[in-house]
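Labels run A, B, C and D following the written order; every chain starts at residue 1.
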Amino acid sequence: MLRIGMLTSGGDCQALNATMRGVVKGLSANVQELEVYGFYDGYKGLIYGNYRMLSAKDFSGILTKGGTILGTSRQPFKLMRTPDEHGLDKVEAMKQNYYKLRLDCLVILGGNGTQKTANLLREEGLNIIHLPKTIDNDIYGTDMTFGFQSAVDIATDAIDRIHTTAASHNRVFLVEVMGHKVGWLTLHAGIAGGADIILLPEIPYDIDKIIEAIHKRAASGHGFTILAVAEGAISKEDAALPKKELKEKIKKRKHPSVSYELAEQIFQKTGIEVRITVPGHTQRGGSPCPYDRVLSTRLGAEAATLIMKKEYGYMVGIINGKVKKVPLGDVAGKLKMVSPDDQLIKEAKCIGISFGV
Amino acid sequence: MLRIGMLTSGGDCQALNATMRGVVKGLSANVQELEVYGFYDGYKGLIYGNYRMLSAKDFSGILTKGGTILGTSRQPFKLMRTPDEHGLDKVEAMKQNYYKLRLDCLVILGGNGTQKTANLLREEGLNIIHLPKTIDNDIYGTDMTFGFQSAVDIATDAIDRIHTTAASHNRVFLVEVMGHKVGWLTLHAGIAGGADIILLPEIPYDIDKIIEAIHKRAASGHGFTILAVAEGAISKEDAALPKKELKEKIKKRKHPSVSYELAEQIFQKTGIEVRITVPGHTQRGGSPCPYDRVLSTRLGAEAATLIMKKEYGYMVGIINGKVKKVPLGDVAGKLKMVSPDDQLIKEAKCIGISFGV
Amino acid sequence: MLRIGMLTSGGDCQALNATMRGVVKGLSANVQELEVYGFYDGYKGLIYGNYRMLSAKDFSGILTKGGTILGTSRQPFKLMRTPDEHGLDKVEAMKQNYYKLRLDCLVILGGNGTQKTANLLREEGLNIIHLPKTIDNDIYGTDMTFGFQSAVDIATDAIDRIHTTAASHNRVFLVEVMGHKVGWLTLHAGIAGGADIILLPEIPYDIDKIIEAIHKRAASGHGFTILAVAEGAISKEDAALPKKELKEKIKKRKHPSVSYELAEQIFQKTGIEVRITVPGHTQRGGSPCPYDRVLSTRLGAEAATLIMKKEYGYMVGIINGKVKKVPLGDVAGKLKMVSPDDQLIKEAKCIGISFGV
Amino acid sequence: MLRIGMLTSGGDCQALNATMRGVVKGLSANVQELEVYGFYDGYKGLIYGNYRMLSAKDFSGILTKGGTILGTSRQPFKLMRTPDEHGLDKVEAMKQNYYKLRLDCLVILGGNGTQKTANLLREEGLNIIHLPKTIDNDIYGTDMTFGFQSAVDIATDAIDRIHTTAASHNRVFLVEVMGHKVGWLTLHAGIAGGADIILLPEIPYDIDKIIEAIHKRAASGHGFTILAVAEGAISKEDAALPKKELKEKIKKRKHPSVSYELAEQIFQKTGIEVRITVPGHTQRGGSPCPYDRVLSTRLGAEAATLIMKKEYGYMVGIINGKVKKVPLGDVAGKLKMVSPDDQLIKEAKCIGISFGV
């Protein structure tokens, strides 16, 4: 008898269901006696013992289904060690529920924050497999996370649509793409959507260079300019501020995001109006793209294989096209950011894309 | 020899190119000698004589192309009679360019504002055909405008994506749909997307009824609620204000739109956080949907037929499934709004959708 | 207490689930005590008493879901009066199951064949509401059936994709669109996809006219031609044959469909190779388009309203934009075909589309 | 002054235009004086001197455009050394046109056949850069070709749509995916679409194992089964035949493809009807997916960089996520096939997918 638990934690994204299906199909096809417990709403379900036994039927037809059949929630890592409002020790509660169900392994799907808690539980002695989910593709130790390519597709679609409007009206348009700390999504969607200027959190921008790029494009006969801007894009001035001061400044910002501030600055310096579009949460929603479905099926199958071999304590990632196990302890808490020297940045610059520097 | 001019005016939308293609294909297939002049950027091109002679090649492959190959601009009807900054009488300038090119007819694609100017030019003696474009479907005298169904598709797609996220997180989500004065787009996308609450400019809402609907939905076991809210949705209180006072109030609004205000109110009254998504200009962009392509081809073909019969001064619309000519003078300046007694509203209410009243 | 039965019959299509959801949401929101019985696999479930009681949960999240949660099957009307292999009188069996469950009404979703049986059951004294489903839009008494616009979208997408290939290779391409007896789907998808030649069952073609159209297009400088051909397209010669003889001829056809025969003929007469694409069953599959979701929600809501008013024996259709009840007896067995004089045909001809005549 | 020629050859696919745009944008942004000559219809244009000088405008807005603005044709490598019907030495003709235009480099986009000729021209002393295009992803020396992921998306969409129909009717469906010699496309689309059985040219199938898999699936309570079958799928018996004999057999086949034969066999052995869907050429058509747009932009930019460094004689590929130059002579004529031991095959088997062996 094999007993596994499963939970999805953090912001939802595409292919969570596809990945869980991969794990369970992999186990069902190879293990005689299997029990799968699904915890609701992320770690919350594990903490408070809120779960359901899942059958094969639960995993039928969910390959293409967006969101997560288990629900999810954001449970900040920082507070995991802090007792809840009733004094409950959350880590102990999770361990107790794990042992009460006599689980052989707990499969955890989530991003960076989730991974840290997963690693914490591993250190506490639980058998853990982590599967790297996030539209940000910022998880260290894997070339690709599921959700990322689906989000690229949606953000690119938004830029595509804006293109026809921008070209018809000869306007400057800014599309704000998700990503507070990391710019992979904006970088890929920006290139795929044919953006002229791409602003990333990792490459603080110089407002004058942005304006220069807008003028240059107009001078070359193009009536419109498209900016793809990450939520976490930041000016050189702000990037130079002490962290605390920056936080204060952002708090006091009168605009909902950097995009509005940037648009105002451009207007003040040039008289050019910048229209803003924010696809927002749509970037996390809907059916996973075929790329993500293949990736998540692969990661799920490999997770099943590890579980059957009783190899625990790993994240399953993909490196150079091969699915691999990566020790959780080696990667937890690390962020994979865009390097300004990344080959992709150079290629984008080569074809004339400005990064505002 | 037949000489026609063509221009697209107002906010761009899908199927402008498809419609122009319909007109020109209709004429080309039936008229021996044809000259088509395209004016750039809406009425601006007609005023300042900025145009190009178009060939069959210009209309090849544009059936599926978003935006407008002629460019467009918003030229407020109110200012048409006011001379420009150099003292130019704009109406006279348009007439002169029309006569200089010895046009037999001017085909004008646009929405309500555009239509008013088109009618003005008709009153001034020009031969005009107007084709009803707008994602708002608010043009009087036609059951349907091209652009509308394409925009419904995009707004619905946004709601669909939000659904998976809302369900995974058990949250309340608000999707702001285009439409300042008229709610057809929000109504259709809201029903198509399975929204629980739909707020339209024509049906001022009662905040308490909205909250009631959210609570009712939670009580029936659903963890999430989706609101589809038109840009021009308005509270009962605001709707009761004198127009001037309301304008002032909106100007002073600290939020970019009613959605943010509404979300704040809901939060203050219930503690429930409402996430907002604004698909914005994406709703006007990209390739027209097949429905719009058929509609615009039909309207274009009928416009060509009218021109060949020298029947001018009409808008071409579709009424009860039949394409028909409608005297411009009968419809210009009138708005087609959602009636609270519309059958569609009743049907939506029947299946449990709340309109906040 | 209100007890209704529900079944879906005939070839599946989009928006079956959306329509059932409409009916049940409409009833649930207005009826205190409601029981809904879903019969599996069309009339089969009713004949053999294969059903399940459905709860609100069954209808949650199915607005966007393709296919039918009840399953379907084709049960030829002709054989309904013939006992099954065990001597069971099928009509009597259906009646017995209806009465055993003390149903107030049976809601039947299906196309023409389904409708005939629905009417038969009505004549037998059962309370029936019929909802018009079919990608063919060939049901008499309604302007539109749900499934149609979704199928148009898919067939158009196929033509769109073929366009880029045809243009790159300067080839003649034929896309075979579903529709054995009726050409609405081909007509709409053909126009929306920018096909140059459209062949319908209702307008028998002259092979020489088709070749003429191909040559004419080449002469006008276009390297490629696209044909949209209904499955049931037929040559003038074949259309003139006695029905029996034609049936024999079709049986002996060495090709899987008329498209291959036509392609061969064109090749033999001109040396031009014609590539064939058959999107086939994909045209019935996947999520319903927003247009269909609104339509099916409306029809469903109206069905609910009729049931609550105890008005039975109707099909719910849409006529001139209004949802209406139509006496089943008036429409059952009638087919809505494309008239060669339809306005849409004239408009298509106006822009230069050839119908091979 | 830099003079480059460009041509696209072989079957068209998505992202040909995107790739050419990448090359030209990369050169335009960095080279003062640039002339780009586009040869029409593949090598034909180079042989017969059919070309046009291209401007920046030609490459504007084509990132998302399917097909190729230059046209393409299949010019078999085998016949390149054979004079044409007028006795023209084709290789010499290509060289002459290359030298006449004083080209610095010829950029060739195409698949395996195209690559062989590209290498031939390199051996003849021309400066060549090859860019790997094909929906088959079968080019040796690169992990990925552009066009592949777009084709996966389309084939997967077909399988998705068939899924809803198959599930509603409890049927066995077969989707025939492009790929005569190589199965990558079928493998990826099959996994992404949730196919139960995947048949590839590289893994000859045993009909009895296929039937076993269908029965097993039915036994596990699933009413339907989906097969994803490559055009070049082959039975064990046929694979064992001498090549010549096999060719003869295929010629005599009464069915248009292996799928029909297979369906007949399954029917004869089990009485189960298998419905066939062939998305065909749609798999090569339409706008490239964002993944392909990023890939082709990268390859194009790298090609531009090589040209500027006067490094010729390379294919530009992507290996382990890095864009790299690969000596044409090392890879031309080699095919990258699916190994039965590929990790992806193992993962697919792990989750219960049958390969008919």
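Please note the rule applied: contacts are C-beta pairs under 8 Å (C-beta built on N, C-alpha and C of every residue); 3 or more make two chains touch, one makes a residue touch a chain.
Composition by chain, UniProt nomenclature: A, B, C, D = ATP-dependent 6-phosphofructokinase.
Computed from a predicted model, the values in this text were never measured in an experiment.
Participant: Using the touch definition from the top, list the chains contacting both chain C and chain D.
Facilitator: Both chain C and chain D are touched by no common chain, going by the contact rule given at the top.
Participant: Going by average Cα coordinates, which chain is farthest removed from chain D?
Facilitator: Result for the farthest chain: B.
Participant: Taking each chain's centre as the mean position of its Cα atoms, how many Å separate chain B from chain D?
Facilitator: 42
Participant: Return the distance between the CA-based centres of chain B and chain C, expressed in whole Å.
Facilitator: Using C-alpha averages as centres, the distance is 31 Å.
Participant: What whole-number Å value describes the gap between the mean CA coordinates of chain A and chain B?
Facilitator: The mean C-alpha positions of chain A and chain B differ by 35 Å.
Participant: Among the residues of chain C, which ones contact at least 2 other chains?
Facilitator: 160, 167
Participant: In the complex, go through chain A and note every residue touching chain D.
Facilitator: 22, 25-26, 28-30, 56, 60-61, 63-64, 143, 149, 152-153, 156, 160, 167, 188-189, 191-194, 220, 222, 289-291, 293-294, 297-298, 300-302, 304-305, 320-323, 343-344, 347-348, 350-352
Participant: Residue numbers of chain C touching chain D in their complex, please.
Facilitator: Touching chain D: residues 8, 11-12, 16, 41, 65-68, 71-73, 154, 157-158, 160-165, 167-170, 173, 223, 256, 260, 275-282, 284-286 of chain C.
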